[in-house]
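Below, subunit A partners subunit B and then partners subunit C, in two separate complexes.
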Partner chain A sequence: MSADAREGRPALRHRLAERGVDRTTMLVLPGVAFLLVLFCYPFVYGLQLSFQPAEGGGPFANYRTFFEDPYLRETIWLTLRLAVPAALINCLAAVPVAFRTRGVFRGRRLVMTLLVMPITLGTVLTAQGLLGYLGANGWFNKILTGIGIIDQPLGLVHNYWGVLASLVISGFPFSYLLTLSYLTGIDPSLERAAATLGASRRQRFRHVLLPLLAPGLAITFCLSFVLAFAVFPSAQLVGDPRGSTHVISIEAYEAAFQQFDYPMGSAIAMIMAAVMLVVVALVLTWRSLLYRGATGGKG
Partner chain B sequence: MAGTTGNVDTRDPLAPDGAAAGPHGGEEPARRRRFGRPVTWVTVLVFGLFFVNLAGVIGVPLVDSFGSRWFTTWLPEGWTTKWYGEAWDEFALGQVFWATALVSLLVVLLSVAIGVPAAYALARRSFPGKKLVLLLFLLPILAPPMTYGIPLATVLYKFHLAGSFTGVVLANLVPSVPFVVLTMTPFIEQIDPRIEAAARMCGAKTTAIFLRILAPLLVPGILAASVLVLVRTVGMFELTFLTAGPESQTLVVALYYAMFSAGIRTQQSIDAMAVMYMFSMLVLLVIALRFVNPTQLVTRVKEEQTEK
Partner chain C sequence: MTHFGSLRMEKVSRSFGRFRALRELDLEIEGGEFIALLGPSGCGKSTALNCLAGLLPLTGGAITVDGERIDNVPPERRGFGMVFQNYALFPHLSVHDNVAFGLKMARVPKAERNLRVAQALALVHLAEHARKRPGQLSGGQQQRVAIARAVVLEPRLVLMDEPLSNLDAALRLEMRTEIRRLHQRLGLTTVYVTHDQEEALSLADRLVVLRDGTTQQIGTPEEVYGSPANRYVAGFMGYRNMLDVTVTTGAGAGGDGGRTRVDLADGRLAGTRRDGAPDAGDAVAAVRPEDLDVAAAAGAADSGTDGLDFAVPATVEVVEYHGRELAVQGRLSDGQRVHFRTRTRLAPDDAVELTAPPERVLVFPREEAGAPDPPPRRPAAGETPDPKASEAVAP
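And now, the complex of A and B:
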């Protein structure tokens, strides 16, 4: 400090403080250090572990095994087949509902509470409920046969449909709340201006609100997709974990913690992250082509 | 569709349109019916289906846990509460509840202790690399636990921390610390820094400023963040599942194992356990909703904006 002062420059501490680094800034360090150790380090460790296969055969042996074995390779497709429709359903259903409920109305709090409930109940409990509700003797099939829509109970659990239902139940509230917050972030005066110029409700939606909402919807889709892509408990419990819902996270878990082949487990986890990144990057590239100017609000 | 386009000319362009301000903005009823119908129908349908099915999903375990025998009828043959006692003994729920409470309280305390100072620094200072730090706090919340959980659990096993309370708490802190940081940063931003400056000018020492100025102002935010972390930790399946040993299972993980090894257990006692879990979550949820806005439970909204 004194050395700096002698050379006619302000002390290091002052120069740092000018750029915003002082003792208060240091308060961020414990949090950053914690995440570096428990979030970044495991990821790097997992990455390098995945290149050290347990049975030898060169650094890429794990990845080669994964892509050469059809049973393993299929998991990517099976997961995408669940996650993309689930994310699409959640996003598309959320738009009209958010649209209709953006104002203040009676019972808004109740609706919100009911919507938040599945998020807090979690996937395990949802799975337990779905097993009973959608089962062959469950209420759902009873109602449908009662009305006369179907003669035979539908097989909805222990297959693809049960998992999709569970993904929609746990994912819809999430994408709804997200869409709602994007929608309420759009300045109402933009819509009012369009109305003044004679735009009908449909035109206002199509030409004013939708373009402003689209970037938000892209983010909503990405997040719902990522959540659905990592599906694990419901695929095990309501799905058919050896067949149609043999998703990638099941394979990663079993490799790492049942066969104790940590390198293989890490390799699968890395593949999982890579597939997610590819899909998210695609959606975000599309998003960057959209108008993202001022919405007048927070969006 | 033809009807809508035909309508454009007939309206008075200068009439203040309530619809723009919201669906209940005092629109004339006839017009609302003509325009709002498809949206209303879709909304009612989506909401209706969602809630009916949700009620079914919640109702089935609830009814089953109180029923004596239930096979193919609409409702069980008789009613009983004995499954609750059986579940309590069979799954050692005393131990499980204790583990759940211990893990969640430790996670709440530690994440507040690490997260609030970081949030303070982020709210009050702008420094080089701040964007990077924000990204670091954002990623663990956005990434699904299963993706980073597997490498994390591998590392924890390597250091012999997994399988114990320490491992479970450490793993659960990974999404909780950023969560506290990101909910507390906007909260601290809206506390006027001039209050602290004024206190300093009046001769208060740093500790005094912290204890007598900041702490009372921070309490509501910390409470809200803690309740949310509590709800998320009790409900967190993946991370706890990957790191828990037999002694450190939380309720949701115990429920998963009970369901996974179903067949050797009676369905009703698993349902009784599910209902106990559901009930504790509901209590927490009701408490949480007294403090916070539901969109905060989803968390990711505010962060999106910080990033842009």
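And now, the complex of A and C:
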């Protein structure tokens, strides 16, 4: 660089700066490397693998097999049936809880710690807890039968409901933290201004907070959905992996690691990614119709 | 226009834990009045405003409108408009929808709503910006939207929380005139919070001076500016020299408002006693720079202090040229600084004799119970417009 400068050419740093590249921009390089190695390469590799079916039949044979077999095709629906409600429940439950905990109050830390705790549990521990608590011989059913509310234990695990419960338990802290940060980003004087303009509590929520929160909720939903869509361990442990919770990731796992048909596994993984992208794209399209500017008082 | 007869705040108090932000504020506001709550930050003026708006519950006292208690009524049912310091415009709504918000909440029919919004926007000269988002407007325009949003409901009381503090100096003057014009045109009862004494003096019919949550003085701008109730108000309302003096002749002078003689290290002044100034002993004399006259300039020093009955000798230290007059910083013989204004040409190290009309020399007790002094500051140029200074300094 100094040599260039001596010859009268501007230093490399200055030439880059002219194009809006400075040393801070270089900080993205490790991230880009990470992305290339851990996302782009496996993705491209998987994509090309999926077009090389193990048993021949043209590049789209794996995809044709998947969509022609109702048992395989069904997995998309079974997964969506779990992931969409789980993401919705997480988002909708996060709003009132974030509302109650956004201010400063005594014990806020304790409450927040308790709310975020499930993150630290991990799916397996959660599954074990669910089996012990909600199972046929768990406390929950024992108490209900003991009081005489029900005669037969409720089937709450090893089916759809067990997986949904597990997804809500592990997904809620993420949605809650995200929603809370969006909510605290809204200038509190907006609500007070709405109050002095005659808006009741409900009207303030409906006309001021909700429109400002909605774009954030859309992002929260997307992340929550993507997490839930990849459900695997809980579908095995507290679900019914041969039946109602035969989710798409189980099918991909079985294809790749039980039948050792990597190309088929890759094809299923690609289908999974495509379904997620479609849902996320739908939500983000809806979001683009909303106001997304500053949520502070001064624009 | 909906008016109330009067709004009474009786012993209104608000504490945050142990901290008493507002202590027993008593104030009666007549319909149509423009009241300014004035004081430095932390004096409780915003607390008082939020209590009025219903955004903060009281911890003591009562607020009544025409005899009806309102301090337990939630903000949305008080019918008071409020203008916030940061404007608090709804960023997702257009200017039109921001102004229409309150009318919509009140379920005003659409045709009437649009008419009233249009009128309110015309009033603040923003008709052509109705479709824009607040983020596309300048600070002054945003503030005008906030004002239009508050007045479109024709509230019985408008509360303004330092509405001009986020604007630059030129815009602030312009908006000040605008607010005064709106008040004169609409006759809206207004409570205006500010830390800027010039703003308060120029806008308000009556001022409430607050400090540390306690009321210092309530009065018209003339009263507060000319006859401050205590030493604190004297120091806060425009610059005053605070001279340490000794009261010598209190005899026969009586109580508040009586004439007295105060001695300095050299020389003496005739003054007016205020706020329980002592009959004898240590006191403080508050004199505005423009109320000090130069009686004898350099050369007359030979005659000494004895030549004048009531005069104080001073030595000129710094002279600033301010166009029509000179702003001078001098030093008394005991080392106290004194600021004064004069049209006499002076130079550093000149000896002068200063006099002042007795009614403009306000004598306060030296010690104030547990109260810190207001931060010392120099008089700003043109801070106290002087009607006498109408000609330029003679060359």
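Criterion: the second predicted complex is superposed on the first by the 263 of 299 C-alpha atoms of A that agree within 3 Å, B and C clash if a C-alpha of one lies under 4 Å from a C-alpha of the other, contacts with A are read in each partner's own complex, and residues count from 1 in each chain.
What we mean here is this: a residue touches a chain if its C-beta (ideal position, glycine included) is under 8 Å from a C-beta of that chain, and two chains touch if they have at least 3 such contacts.
This structure is a prediction, so every number in the text was calculated from the model and none was measured.
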Q: Check the residue A:195 against both partner chains and state whether it touches subunit B (first), subunit C (second), both, or neither.
A: both
Q: Look at A:102 in the shared chain and tell me whether it touches subunit B only, subunit C only, both, or neither; answer first, second, both or neither.
A: first
Q) According to the contact criterion defined above, which of subunit B and subunit C contacts more residues of subunit A? A) B
Q. Looking at the overlay, what does A:212 touch: subunit B (first), subunit C (second), both, or neither?
A. second
Q: Please work out whether A:203 is in contact with subunit B alone, subunit C alone, both, or neither, and reply first, second, both or neither.
A: both
(Q) After the superposition on A, what does A:187 contact: first (subunit B), second (subunit C), both or neither? (A) second
Q: State whether A:57 touches subunit B only (first), subunit C only (second), both chains, or neither.
A: neither
Q: Would you sort A:272 into first (subunit B), second (subunit C), both or neither based on which partner it touches?
A: first
Q: List the residues of subunit A that touch subunit B in one complex and subunit C in the other.
A: 189, 192, 194-200, 203, 298-299
Q) Across the complex, what residues on subunit C touch subunit A? A) 53-55, 74-82, 84, 86-92, 101-102, 104-106, 133-137, 139, 142, 149-150, 153, 159, 166
Q | Contact footprint of subunit B on subunit A as seen in their complex | A | 19-22, 24-32, 34-36, 38-43, 45-46, 49, 93, 96-97, 99-105, 109, 111-130, 132-133, 137-140, 142, 165, 169, 172-174, 177-178, 180-181, 188-189, 191-192, 194-204, 219, 223, 226-227, 229-230, 232-233, 236-237, 249, 252-253, 256-257, 262, 265-266, 268-269, 272-273, 276, 298-299
**Q.** Of all residues in subunit B, those that touch subunit A in their complex
**A.** 1, 4-5, 7-9, 11, 13-14, 16-17, 19-25, 35-36, 39-40, 42-43, 46-47, 50-51, 53-54, 56-61, 64, 71-72, 74, 114-115, 117-118, 120-122, 124-128, 130, 133, 136-137, 139-140, 142-148, 150-155, 157-158, 170-171, 173-174, 177-178, 181, 231, 235, 237-238, 241-242, 252, 255-256, 259-260, 270-271, 274, 277-278, 281-282, 284-285, 289, 294-295, 297-298, 300-301, 304-305
**Q.** subunit A residues touching subunit C - in the complex, by the definition given at the top
**A.** 187, 189-190, 192-200, 203, 207-208, 211-212, 291, 293-299
